[in-house]
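Here subunit A shows up in two complexes: once beside subunit B, once beside subunit C.
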Partner chain A sequence: MFARPLHPYTIGLLRSVPRLDRPRDSRLATIEGLPPNLLDPPSGCRFAARCAAKIALCDSDPGLIEIAPGQRSACHRAAELAQGDAARLGLGTVPPAVAVAAKGQAARPLLEVVHLKKFFHVGRKGPGHEALTVRAVNDVSFEVYPGETVGLVGESGCGKTTIGRNILKLDDPTDGEIRFDGRDLAHASRRQMQAVRRRIQVIFQDPYSSLNPRMTVGQIIAEPLNVYRLEPTRKASNERAADLLGQVGLYPYMAERYPHELSGGQRQRVGIARALAMKPDVIVCDEPVSALDVSIQGQIINLLEDLQGRYGLTYLFIAHDLAVVRHISDRVIVMYLGRIMEIASRDTLYDNPQHPYTKALLDAAPIPDPEVERTRVTRVLRGELPSPLNPPSGCVFHTRCPIADEACRQVIPELRRVGSDHHAACIKVGL
Partner chain B sequence: MTIQSVAAPPYKIPKRRGAVLQFIVTQPLGAAGLAVIVAMIFSAAFADALAPFDPLDVDFSAMLGPPSWEHWLGTDSFGRDVLSRIMYGARTALAVGFLSSIFGCTAGALIGVVSAYFGGKIDLAIQGVVDVLLSFPIIVLALVVVALLPKVVVAGIDVALIGAIAIPMAPRVARVARASALAIRELPYVDAARAAGFSHMRIIFRHITPNIVAPYLIMLTASVAQAILLEASLTFLGLGVTEPTPAWGLMLSGTAADFYREAPWMILFPGIAISLAVFAFNLFGDSLRDWLDPKIQV
Partner chain C sequence: MLQYTVRRILLAIPTLLGVAVLIFFMLRVVPGDIVELKLRGDGAAVSAETLQVERVRLGLDKPLSSQFADWMIGLVTLDFGKSMWTGNPVAHEIAIRLELSFEVAILATVIAVLLALPLGTIAALYKDTWIDYVVRVLAIAGLAVPSFWLGMLFILALLVYFAWLPPITFTPIYQDPWANLAQMILPALSVGYRYSAVATRMTRSSVLEVLKEDYIRTARAKGVFERLVVARHAIRNALLPVITVIGLEFAFLIGGLVVTEQVFNLNGIGKLFVQSVTRSDYTMIQALVMLVAFIFVVVNVAIDLLYARLDPRIRYQ
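And then the complex of A and B:
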């Protein structure tokens, strides 16, 4: 199946996935369009409307035909696919990119996170109860420059989402500073925040619960426009909402719909339109594609890149999928148990990872190609993620690190420069 | 827009049709309750046309008359027609029941949502007050409120009576509303509204409250049953509706107790009316809960 897919849909799905083992394409290949309405399924081949290799014969329903031993495909052209390469049939073409503004690194960071700490107190207070503290984010510092995309990766529970929530001031940091455009947000009052809110927006992971089910799509997008009087009249804000829907690849008539009438990918587009409505500078993308089908993932990532090119947006892209992060990011931050392990520009990090945790993460990511996968040596991380209630002493990674020794148990490693635009928090690296 | 071609045919999603019919088929008990409620509302609304007699019409020639073709449910010690008094009494019961439930549930729901949304010390303080109020038996709390509020009669209904029924109701509703709102507060769309910098008022009224409408409606229906019962109880104790207004609780009290041996119909039929009304609202409320959201436990 993976080595020799014989259906255009399978080929499309496989191509939608960003790959760690191949050079990064400028655009992700996608399966165009949306899955058809099951209430009114198309006659003939169900995939024909979205298929690049469509021929006249596709109007009749292809049965599942045995092409090779043990491999059956419901495609009229499966025999051709079995012989020649898919590219000849026009499959797996990459949609053209909208001109992307050249990304030059500005001198001054737009967003600075300085020694950020966020501790959660759990457990009961009072005598006989130990006060427990979850060190969700522990002394994290990084900068985000205007127009760039910074990827934030790590396992679940490493604090990446908490950092996003702190930047958005959905949670208040325990300690440290968050400077946006020179102003500290960590200690800003509600009134002071109000002025900045519009400039930092968010896209959430779960497209199902990120839209208010009692509001129509149009109301959701127009709400900030009306609240902040960004448009002179209601009519103007409705027009702008329709325009925004068009920009995120939806139809203006969808403004009348309620979120439950849309698919996951469509809802995620609505979430993006809502964020865009305020004309933000920074968008915190909290795992925006993790909950989506791979074919839709590619579309959303391409959309995010196009919008960045058009509006000069800055993204903090939080994800656990290394391949997705590699595709979209300019710089990547790797986190583990509330601390930064490594920061580097994208190509440096993926081509030349320094920290043993980063190496392990890259090794652990599966590649959807059986031939590559068979020849690859995978080193799997030993053990479980330690509890953030009681993080290991010294380097938090030492319990699972293949090269850790006694010194790692005692010294908390600082982030040190190990190359141009490349920092790692490991005492064993770059000595 | 050429970024992505989204080739969805503009089809209309079929609207959910026949909600009432679906309710009747899936919830037969609730439908039976609903039928009784509709009948009650109908007879209360058109009591002027439907009732065979004036409920205030005293007829000493027909005192303590048993059920007959003329007086279907008999007459009381003043010769007043019991059926007519029950029909007019339904007016009082429904008016008091709905008004006090709407006030009590709305106040309770708002208190619960505010408590859940702000959390922390505000939540703690509100929950403290709610707990204290919950520790009183409903009837005791209602008696206190009746005693404290001045008696102001609007359109034949005592405002103090409405308050006395609504106030013990509010903390119970606040509990449930708080639990629902706590779950909704954590949802990303509320985070999105906060990240957009919307005011507390907007988030509470636009984003949280509309999403607890289902539990609110369920509690409202159940509360009407409670309110009808409480109104009858207070009236029976002489603190609710007063003579000569026809009210079910009133028909059970006063001289009725003296005549129950000779004229059991005087108290039997108003008693059945109260039970039937409460039962109908409870049945309907339970079914509504199952139908709207099987997960909610009130």
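And then the complex of A and C:
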């Protein structure tokens, strides 16, 4: 199936998956269009409307026919696909190269996170109850420069979303600073924060629950415009909402729709339009594609990249999918149990990971190509993720690290420079 | 939507029919004979023939099936018959009390909503602070204190401190609003307090639930002021379960205020209900049960239609 797919839909799905093992050279291939309406399924081949290899015959329903031993395909042109190249049928066209704006690194970071700590106190207060502290984010520092995309990856529970929430001030940091354009947000008052809110926007993970079901799409997008009086009249903000819908690939008439009337990908586009409405400088993307189908995921990633090119946006891209992060990011931060393990520019990190945790993560991620997969040595991390209530001493990763020794239990490793634009928090890794 | 409404109203018919069958036959099974109660109730020596004559007059000698058929025909033509005890038309007996019962129910609902929505919301916003605790204690007290007892306290307090008693005779609100309110406000308050306790607790938990929703976080993140987040995003979404509670409680109040009506000497539906049951006044009980069932059905349909208004996700086919 993976090595030699014999249906255009399968080919499309495989091509729209970002690849961990390949640097970003182009836009993601996507399957154009939307899944068909099940109330009124197309006659003939179900996939024909979205298929690049469509011919007249596709108006009749293809049966599921055995093409090769053990491999059946419901495509009239499966035999041709089996012959060899899908490209001849129009399925292999390389999408246009992404217009990556030359991102000269600006001197001054737009966003600086300095020794950020966020602890949550859990458990009941009072005698007889132990006060428990979850160290969700423990002494994290990094910078984001204007116009770049910084990927923030790690397993669930590593604190990456908490960092996003702190930057947005949905949570107040326990300690440390968050500097945006030189101003500290961590200690900003509500009034001061209001002035900054417009410039830092967010796209949330779950496009189903993050839109108010009682408001139309137009109201959702226009609401902050009205709250901040960014447009002179309601009419103007409604027009702007319609315009934004067009920019994210939806139709202006959808402003009248309610979120539940849209598909997941369309809702995520609404979320993006809402974030764009404020003309922000930074968008925190908190797992924006992890709830979406792969074909839709590719469309959204492409949209985010296009918008970045058009408006010079800066992204903090939080995700757990290493392949997606490799595709979209300029620099990548790897986190584990509330601490940064490694920071590097994208290709450096993926081609030459230094920290044993980064190596393990990359090894554990599957690659949708059986031939590549066969040649890989898979090292699986032993053990469970330790409880953040009681993190290991020294290096938090030492309990699962293949190269840890006694020293790792004692010393909390600093982030050290291990190459150009490459830092790792491991005492075992040197230049 | 219109189609849905019509269908819901048509669906009410089998419900009401079921209620009718149940109440009719249950009444006949329950011991107690209106004729005996009425004629021999005071120990008078009345001959069996006289009893039989009265039975024939009331139609109680006919077989059950034909009694039921007569009643059903009456119901369909909106003729509820005459009270077996007083001989007055049932519709008239109910009508003169319904106004009062409705007024108490409406006043109590208004009081409950005015108390519950702000208190419940504030308690949710200030969860686990002293404000929340005060509201919760008030709500629990409202549930624990019987409303008739609270009513007695009201009356006693007014009597002791102001030497004032509410008027005893019912004055319709369109004749003399002040005299009317002077009589109705106390029962409405004592019932409304308990009612508001239920609604406050529902509002509080519902707002708390909604505040955890992702779209509230979205609203905050996009920079909407907290006041608007609460007013526009949270309360609107939290309202649905509160509406259900308020609606059902309202329907209950129409026939369920037996003791409170007693305490305030109100001649309402609840009092009529109890009287009729002790007298085994079949026609009256049947009509009252049908009335209460009808009100419940109407309130339920109204709640469902209101849901659709408030929540665009609910679109009835």
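Quick note on the criterion: the second predicted complex is superposed on the first by the 421 of 431 C-alpha atoms of A that agree within 3 Å, B and C clash if a C-alpha of one lies under 4 Å from a C-alpha of the other, contacts with A are read in each partner's own complex, and residues count from 1 in each chain.
Here is the rule we use: a residue touches a chain if its C-beta (ideal position, glycine included) is under 8 Å from a C-beta of that chain, and two chains touch if they have at least 3 such contacts.
Every value quoted in this text rests on a predicted model; they were computed, and no experiment measured them.
> Clash or fit: subunit B against subunit C, after overlaying the two structures on subunit A?
Clash: subunit B and subunit C overlap once superposed on subunit A.
> Return first, second, both or neither, reflecting whether A:A107 touches subunit B, subunit C, both chains, or no partner chain.
In the superposition, A:A107 contacts neither subunit B nor subunit C.
> Check whether subunit B or subunit C contacts more residues of subunit A in the superposed model.
For subunit A, the partner with the higher number of touched residues is B.
> Name the contact category of A:A56: first (subunit B only), second (subunit C only), both, or neither.
Neither partner.
> Could you look at A:Q194 and tell me whether it touches subunit B, subunit C, both or neither (first, second, both, neither)?
It touches subunit B and subunit C both.
> For A:A3, select first, second, both or neither according to whether it touches subunit B, subunit C, the two together, or no partner.
After superposing on A, A:A3 lies clear of both subunit B and subunit C.
> Check whether A:F204 is in contact with subunit B, with subunit C, with both or with neither, and answer first, second, both or neither.
After superposing on A, A:F204 lies in contact with both subunit B and subunit C.
> Taking the stated contact definition, name every residue in subunit A that is touched by subunit B in one complex and by subunit C in the other, in rising order.
In subunit A, residues 168, 170, 194, 197-198, 201-202, 204, 206, 209-214, 223-224, 227, 271, 274, 278 are touched by subunit B and also by subunit C.
> Where on subunit A is subunit C touching in the complex?
168, 170, 190, 194, 197-198, 201-202, 204, 206, 209-214, 216, 223-224, 227-228, 258, 260, 271, 274-275, 277-278
> Of all residues in subunit A, which touch subunit B in the complex?
Residues 30, 32-34, 37, 39-40, 49-50, 95, 98, 165, 168-170, 193-194, 197-198, 200-202, 204-206, 209-215, 223-224, 227, 246-247, 249-251, 253, 257, 261, 266, 271, 274, 278, 299, 302-303, 306.
> Inside the complex, what are the residues of subunit C that reach subunit A?
Listed in rising order, the residues are 213-215, 217-226, 228, 232-233, 236-237, 310-313.
> Please name which positions on subunit B make contact with subunit A in the complex.
Result: residues 1-11, 13-14, 187-189, 191-198, 202, 206-207, 210-211, 213 of subunit B touch subunit A.
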